[in-house]
Structure formats: C-alpha cells, structure tokens
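In the two assemblies presented below, chain A is common to both, partnered first by chain B and then by chain C.
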Partner chain A sequence: MIKKLADYLVEEILQESDLVLEPDEDLLSTGLVDSMGIVRYIAWISEEFDIEIPTEDMIIDNFINLEAISRYITSRQA
Partner chain B sequence: MDFRIDSELQESLDQLAEFAREKLQDDVSRRDRVGEFPSDLWKLCADFGIQSLASTLAYGGNADTIKLMPSLMAMETLGKHCSDGGLLLALNAQMWTVQLPILDFGTEEQKQRFLPGMCRGEIIGSHALTEPEAGSDVYSMKMTAEKVEGGYRLNGTKRFITLGSICDFALVFASTNPAHGKWGITAFLVPSETQGFTRGEVQQKMGLRTVPFCELQLKDCFVPEELRLGKEGAGFAIGSHSLEYDRCCMLAGKLGAMERQLEQTIDYVKSRKQFGQKISSFQAVSHRIAEMKTRIEAARLLLYRTAWKKDQGEKAILDTAMVKLMISESYVQNSLDAIRSHGGNGYLEEYGVEKDLRDAVGSILYAGTSDIQKNIIAKMLGL
Partner chain C sequence: MELSLHGALEASAKKHPNKIAYICRDEELSYAQLDLSSAQIARSLHQRGIKKSEPVGVFLGRQLLSPIAVYGILKAGSPFVPLDPMAPATRIAEIINDTGIRFLISDDSWKRQLIKLLQEDLQLDTILGVSKELSSTTLSWDSIRSVESNYSTSTSAEDPAYIMFTSGSTGRPKGIVHTHVSGTAYARLSSNLYGLSSDDVVLSHSPLHYDISTFGYLSCPRMGATCVIASDAEVKMPVSLASLAAKHRITIWYSVPLALKQVQSAIQQGHQVNLESLRWILYGGEVYHPRDIKALAQHCPAARWSNVYGPAEVNQCTYHHFDPAEMQEETDIPIGKVWDETDFLIDGLSISRDSSRPGELMIHSSTMMKHYWKREEDASMFFIDQVGKRYYRTGDLLSMENGLLRFHGRIDRQVKIKGQRVEIKEVEAALMAIWPDRELTVAAVIEDGEKILIASVVNLPDQSLQAEALKELRQVLPAHCIPHDFLGLDIIPRSPAGKIDQSFLQTLWNDQKTR
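Coming up: the complex of A and B.
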C-alpha cells in the first residue's frame, strides 16, 4: 500500500517522479505537500481505497507520512 | 441534475421575498451612510427562520438536515429583495462559518449552548480567522493557544472580524503547535466576556457598511477544554469545510442582487429618453444589458450545479472556487454596467446602483480573493 501511496504522491501531486519518499518522511509540517495538494491527495485516497474520510479526520496524526496514511486507511477499511 | 423548484419550496421563497420587501428594505440608504447595524432586523430575520436554515431541528433549525440548494435559493431571494448587502453578509457569516462548524464538529453541550440562541437571534457569533499578517496566507497565523491545566491560554490579534464589535462569542482559530504550520491550528469557542478578550474600533469601509468589522485582541484568554471545537489540529479542516458553504450561500445573495440590479436597469433604460428615443433602443445599451443577463445565468448554473454536488455528499472545492470567482467578478462587472446604463444618475446615491458597486468590490476580496480562487482552481487542475 505504501508504494502505491508514494507513487501517486510523487507522480501526480508533487509531479517529481525522481523523488524518493521514505515511509516516515514528514509530508506536512515541512510543507512538502501544500494544502491544495493534500486535499487532492485525500480525494484520491478516498476513491482509490473506497473509504470515507470525514473532515474531522483531516489532522496531522493521520496524514503526516506514508506510514500514518497507510495505518489510517487500514483502520477505515476495518 | 434537476433544478426545478417544487411548490412547497416556491411558496416558502415567495413568503421570504415578501418578508424581505416589507421588513428589510426600510432605511437602507441612511443605515449605509452612517454604518449602522440593524439589530432589530437581525431579530426579525431570526423570527422568520433565516438563521435556522443553518441548523437542524434538535438545535433550533428548520429541518432534519441542512440542504445547500434550498438554503442558497433562500439567500438568492434575500439578495434580490433586500438591498442591505451588509445584513446579508452578516447573516451568511454567522450561519455558515459559525453555526455550521458548531453543528458539524461541536459536542452535544456546545451545540445546545450556542445553536438555539443563534437561531433565535439572541446570541451573535463571529468567525475569527484572519490576522494582520495572515490574510490570503491565512493559516500562517500568529495567534497561539498554549495548553495549560484545564484548557488553553490564547494570545494574539484577529482582523476584519465580521460582527466582531457586537458578538457574544467568537469562533477563534489559533495555533496549538506552531511547528506543524496549518496542521497545528485548532478552533475554539471564546465567549466575549472572557477575561483578556477586547475589541478594536469598528473599521470604516468602502461598502457593506451596515455590518461592523473590527479587530479582536486576545491577551492571556483562558479557554476551557470543553470549548475547543473539534480535535486539536483540526482547525484547517474545520475552516476549509465551512468555506465551501459560505462561498456558495454568500455568493447566492450576490446573484439575487444582480437580478434586482438587472430589473432596475431594464426599467431605467426603457423609460429614459435621449436623442428623441428610449436609450434601450441603442445597441450600445441593450448589448451591455444582454451581457449582464448572460453573466447572471452562467453564474446561476455554476452555483446550482455546485450545490447539487454538495447535496449529493461530493467534495466541491474546485467548483466552489469557480463559483466564488465567477459570481464576485460578475457582480463587479454588472454593477459597473448598471451604473454606465444609468449614466450620471447612476453615480447618485438615490438610484441605489452605486451602493451595489461598493458592496460588490468587497465580494472579490473576502472569503478568499479572486487571485486565491484562481490559485485553487489551478492547483485542483494539477498545475
């Protein structure tokens, strides 16, 4: 799941296909992914993994890095 | 998509139009000139059920759920039949950026404490997001909320706060974790009687003069844990969520205002004679009015389609940005065209069209400037 998340993020959102993201790399507080970028990314995650993402879940703990996002998706699918 | 209105909704909109014409139009020019907020009309609006559109039955609302389409049609009707743009701005600001976030993210206790009173017009809430150094870049805010025993201590200044001078509480956004940037922002409900809560002078404005704007200063304001709205760090999500409703309904009022402006302009050019004929017979005039009408209809379709998407539970960030851009810029252009069509008379206060232009300029600035809307649209297109 983490590879799929990383591939979409670097290719479609960041548009830097050479970029290599570590699973624990901070995506948000560093500004790597901006606010519109994360909104688009969350919309894609919701559709791709067929989960509903309530607005109140859009907090840093759930989206700070690829590991956290993967954990969050798994919890929503459960 | 089907935008036909059923007879029940049409009847409600007709009653609202009659209410607005009979009760809300009184003395608008004088109040605009002196910058007076119509507290009595605010209460009348509440008695009619307008503020209740942004709540649900359990908390003083009119229905089990909030539907955007009928709400924005109500705002469009109000905009058409009430020329007090300041009052409409005030209503929308409270309804969609204060009531709605409390309804969607508040605890049961918070909903019971604030929503019924706001629906009855007895409590006024303001939305405090913008800061002196955080306008378009609003989430780079400096206001902090330090965690202390039992709650938070807030420090900082908010700017351009609609209804700030008369609010009973403010929905305040502050950073609980500055290292996390916009992801460290948290929302709080801060009663105005809180020690350290002070209001600045009411700021004089180009338009929308009947609604007060002012600064709010919070100095060592203690806010108990139970008045935090949503989770810590959810401020960015809460603020973004309400903006979609705010942009649609706020701009629906402008659409109604453009419709009123068009009708007034058509009446004027059909009665005004120059060079021995009605000025409506000149293509320079009639083509301008044709463009005004086209902008209104294009804007309405974009607005209704966006509301339809929201009512289906879909995200509409791109759509609401286009709605905000389209309607606000159309309102400015149509206001200028209305003045041009009125000639010198359009420059006079008594014809009312100059006030629309002053109000319209505000709409390309608040709730995200047109440049910001274009940024959002471009980003959502992957640019």
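Coming up: the complex of A and C.
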C-alpha cells in the first residue's frame, strides 16, 4: 500500500517522478506537499481505497507520513 | 530611550526567565532558553566573520527555530531577511543575491529545498543549522549549541532590523527595510492597542515572510506573552488548527480571514471546536465578509473583533474594533481609524471631515519603513514629503464615511490572494514569456466567495499545454501568484480607454463554470 500511496503522490500531486519518498518522511511540516495538494491527495485516497474520511479524521497524526496514512486507511477498512 | 527589538527580549528574559515564550507542535521554549539560544547564533555568526548590518537569511517555516533565528540575527547587529522556502529557487536566489546574503539559517527538514536552491548561482559563506554537508560550508545546531552564550554588540535605533520582500510590479521583488525604530514602534503600538500582557497566549498563523507575523515575533517578546506558532502541518489541517485554541487557551488570535474560515468550516462539518478563551480576534490582509464573521462569532462570544489594515511598508496603521452582533451584513467592514503616532493624507490633502470620493491613502507613521532595499534614490516614487513629514504612498483607494476609513481597491492592478500581494503585471509578464505570441490578461475573479486568479487568453492552447505552462510558472512565481485556471477568449474585453472590463470577465468566468 505504501508504494501505491507514494507513487500517486510523487507522480500526480508533486509531479516529480524522480523523487524518492521515505515511509516516515514528514509530508506536512516541510514544503513537500502544499495545502491544495493535501486536499487533492485525501480526496484521491478516499476514492481509491473506498473509505469515507470524516473531517475529524483530517488531523496531522493521520496524514503526517506514508506510514501513518497507510495505518489510517487500514483502520478505516476494518 | 526605547530598547532595540532584541533589547526588549533580553528585558523579558530577565524579568521572567521561566515563562514560555514560544510553543510549536509539542515543543516549547522559555524566555531564558530563547535568549540563550539566540545569543549562540549571534556568536556563531560573529565567529564566521559577519559584518555589521550584513543581512542574514532565514530559510525556515512555521517552527520553533524561527524566533531563535530572528533574535540571533538581531543580537548579531544584523537585519533578518525572511525567505519563503516554498518559493521557487530562482526567486529566493534573486533575493539572496540582491541583498548580498552570505549566511542562511535553516534546518535539515528543508534539505530538499536547500538542494534545489544550491543549484542556483549564490555567493554563500555558511548555512547554519544544517548538519549534512550540502555544497557550501555548514554549521550544525549541535555546534551552535556548544558555543558560549554571552554575546553583545551595539545596535543603534536607526539600524535595519528586518527586510521583507514583496511582489514588485517590475517582476523583481521589492525589499521593505524596517529599522529598530519602526519595528519597536509597531510592537509598542500593537501591544497598547490590544492590551497585550504577559498573561496573553497569542496564536501566530502567518509565516515569517508575511508582515502579519510581526505581532507574534516582535510584540509578544516585548510584553513577555506566550506565542503559539501554528506549524506548517497544522495550517494544512483545519481540524488540527482549530483545536489549538482550546489546547493552549489562546487569548488573541491573529490570522488572515482564510484561516478563520477554515476554523468555521471545521465547525460546520460537525467538529467540536472550543473558542471560549479568545478575547480578541484580529484579522487582516484581505476583506472578510460580514456573513462569515457572524457565523464564526456565535462560537466565540467573549471575543472582540478587530480589522487590521496596513501595507507591510508601514506595518499596521489603522484598526476598526467591532461587535459582530451589531453589524449589518450587506456593508463591508471599515478599516477604521489611524492609530497613535500616525497621520494621513488622501490624494495629498489632509482630511478632517468625511470625504466620500475615494482617493489614494498616504501614511506617515512611526511604524513606517525607512526605504526599499537599494532603492534609496527612488524615494520620490514611493513617498511624498509635505510640511516636513514623509508620507508613504500606499496605492490603496480610501474614503472616509462617518469618521471611518473605507477601502475601495487599488490605484494600480495589485490584488490580494489569500492575504498576499500579487502584482498582476508580474504574472502577465511571466505568462507572456511562456506564450510570447498570445494576447492575454490576468485578473482576479470571485468564486465561492474567494478571490482567485484566472488567465484569459485569446486562442487558448490545449489542456496539456496549459498544464505545461502552469508547471513553468511554478518555477518562477510563488504559489499565490499562480493562476487558478484559464479562460479562452476571442477577444480581450476592454473599455474604449483600453481598461480591461473586469465585470465582463467575471461573467465569462461564471459561464465557463456552469457549462
């Protein structure tokens, strides 16, 4: 799942296909993903993994890095 | 005699060393720690041979290291230059070279951006705060923390304290030079106006390169208040941002309207947000619709509201305090009255009574910048001198009704997007460089109550070329200057005088959206 998450982020959101993301790399605190980017990314995650993402789940802890996102998706699919 | 900006911090650190000065995410910094760490920065810069008043760049985001960098540079006797790490590398490089910056303060979390930046042609000496060997010399935070922490240098009040760069209509960013006099005047006047004290907890939402940040970075240390820096991560996550208010018992919230609208949207979507601790909500940078204010005001009954106005060149210069319950929905909020130590002209005339015809506001204030960086010679373009006083020409059109100033737009084509200045000419020039044989114009239109930029182009190229063009624009312009979308036209709508027909563009845009 992490690879799939990384591929879409790198190619579609960041449009820098040569970028290599670490699973624990902070996506939010540095300039990696901007606020529009994160909104688009969350919308894609919701559709792609067929999960509903309520507003109260849109918090830092769930989206800080690829590992966290992957954990969050698994918990929503359960 | 007023203290320097760092002198004010030193006084607060002496008075209450253990009080928390800054909080960001789960970290905090006491006044004593801030004073000590910033002195270590000053000493490190000195050891590296910094010259008096040599500008130093701050390449950081909304993080706890930012106030340390700011006060470290001030203690070294230099002005700090906030750089937006998210801006295109070419633009940052232009500012670095224009100001002759040899020292940058950053940290490893900005490594990716630093690598891009270092591909530009720069004359850097040292990057402080970076542990990895990039290309020029670096100095790690660990080495900075190991130097002695007593350091002092003499600063005179007229020395430059910070240089903020803003969009310029010629395509080159303009550097606004503030001194210890103007910075301290802002800290003093804003503290007085809002009764800021050491009991306050202030939420600072703006990044350092944006002038709204001065309340958190300059006023708070002066009064020994606690400042909560909304981190870059929190700013991207509205629910996390909204919950800061209750988590830290915020008493004064200061941001652009956009951030407050995000809080409102979190509430609307059913999220529990507690705003009871707020005693002041300050907003500025752009217009905030009374309807949106009323909606949020229900959730913070104890808060007073203040519309803050002032171009970065004068810091704040007017205020309007109001009670949302007594406000009419259909009228825009006035920008109000000028504050202390300030007077103004409209179209060069002193105004004492109402004047409904909008004219250009000219401001004289103790909080005013000294000049633009390297543009001392052009003073007559930006200032007018009258009866021994220097007034800054804001370019904003204002009227006075019932003793209150009201905003009516610009004399030129500058607009504000998300509270940040955009020089339309600069965006047009960048787009014309990509499509030299196209006739085009860039304009702000309203969509869902928000201002967005659109580029109207005759014979608009297809979608893949549009995407390419946007990508190229992102290499040269900051994010808020990038057009949101394109509009294909047969002809650019102009009045007989050649002025672009704004309302017609808006209509065409609305049509395109509903199609």
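Criterion: the second predicted complex is superposed on the first by the 78 of 78 C-alpha atoms of A that agree within 3 Å, B and C clash if a C-alpha of one lies under 4 Å from a C-alpha of the other, contacts with A are read in each partner's own complex, and residues count from 1 in each chain.
Just so we're on the same page, contacts are C-beta pairs under 8 Å (C-beta built on N, C-alpha and C of every residue); 3 or more make two chains touch, one makes a residue touch a chain.
Please read these numbers as outputs of a predicted model, since none were measured by experiment.
Aligning the shared chain A places chain B and chain C in steric conflict. In the overlay built on the shared chain, the residue A:43 is in contact with chain B alone; chain C does not reach it. Within the superposed three-chain model, A:32 lies in touch with chain C and out of touch with chain B [touch as defined at top]. By the touch criterion stated above, A:1 is placed in contact with neither chain B nor chain C. When the two complexes are overlaid on their common chain A, residue A:12 makes contact with chain B while staying clear of chain C. In the superposition on chain A, A:60 contacts both chain B and chain C. Residue overlap on chain A between the chain B contacts of one complex and the chain C contacts of the other covers 15, 28-29, 31, 34-35, 55-56, 58-60, 64. Only residues 61, 63, 85-86, 109-110, 112-113, 231-240, 266, 269-271, 471, 479 of chain C touch chain A when the two sit together in their complex. Put simply, chain A touches chain C in their complex at residues 15, 26, 28-35, 38, 54-56, 58-60, 63-64. Residues of chain B that touch chain A in their complex: 104-105, 139, 179-184, 230-234, 236-238, 240-241, 315, 317, 375-376, 379-380, 382.
Only residues 12, 15, 28-29, 31, 34-37, 39-40, 43, 55-61, 64 of chain A touch chain B when the two sit together in their complex.
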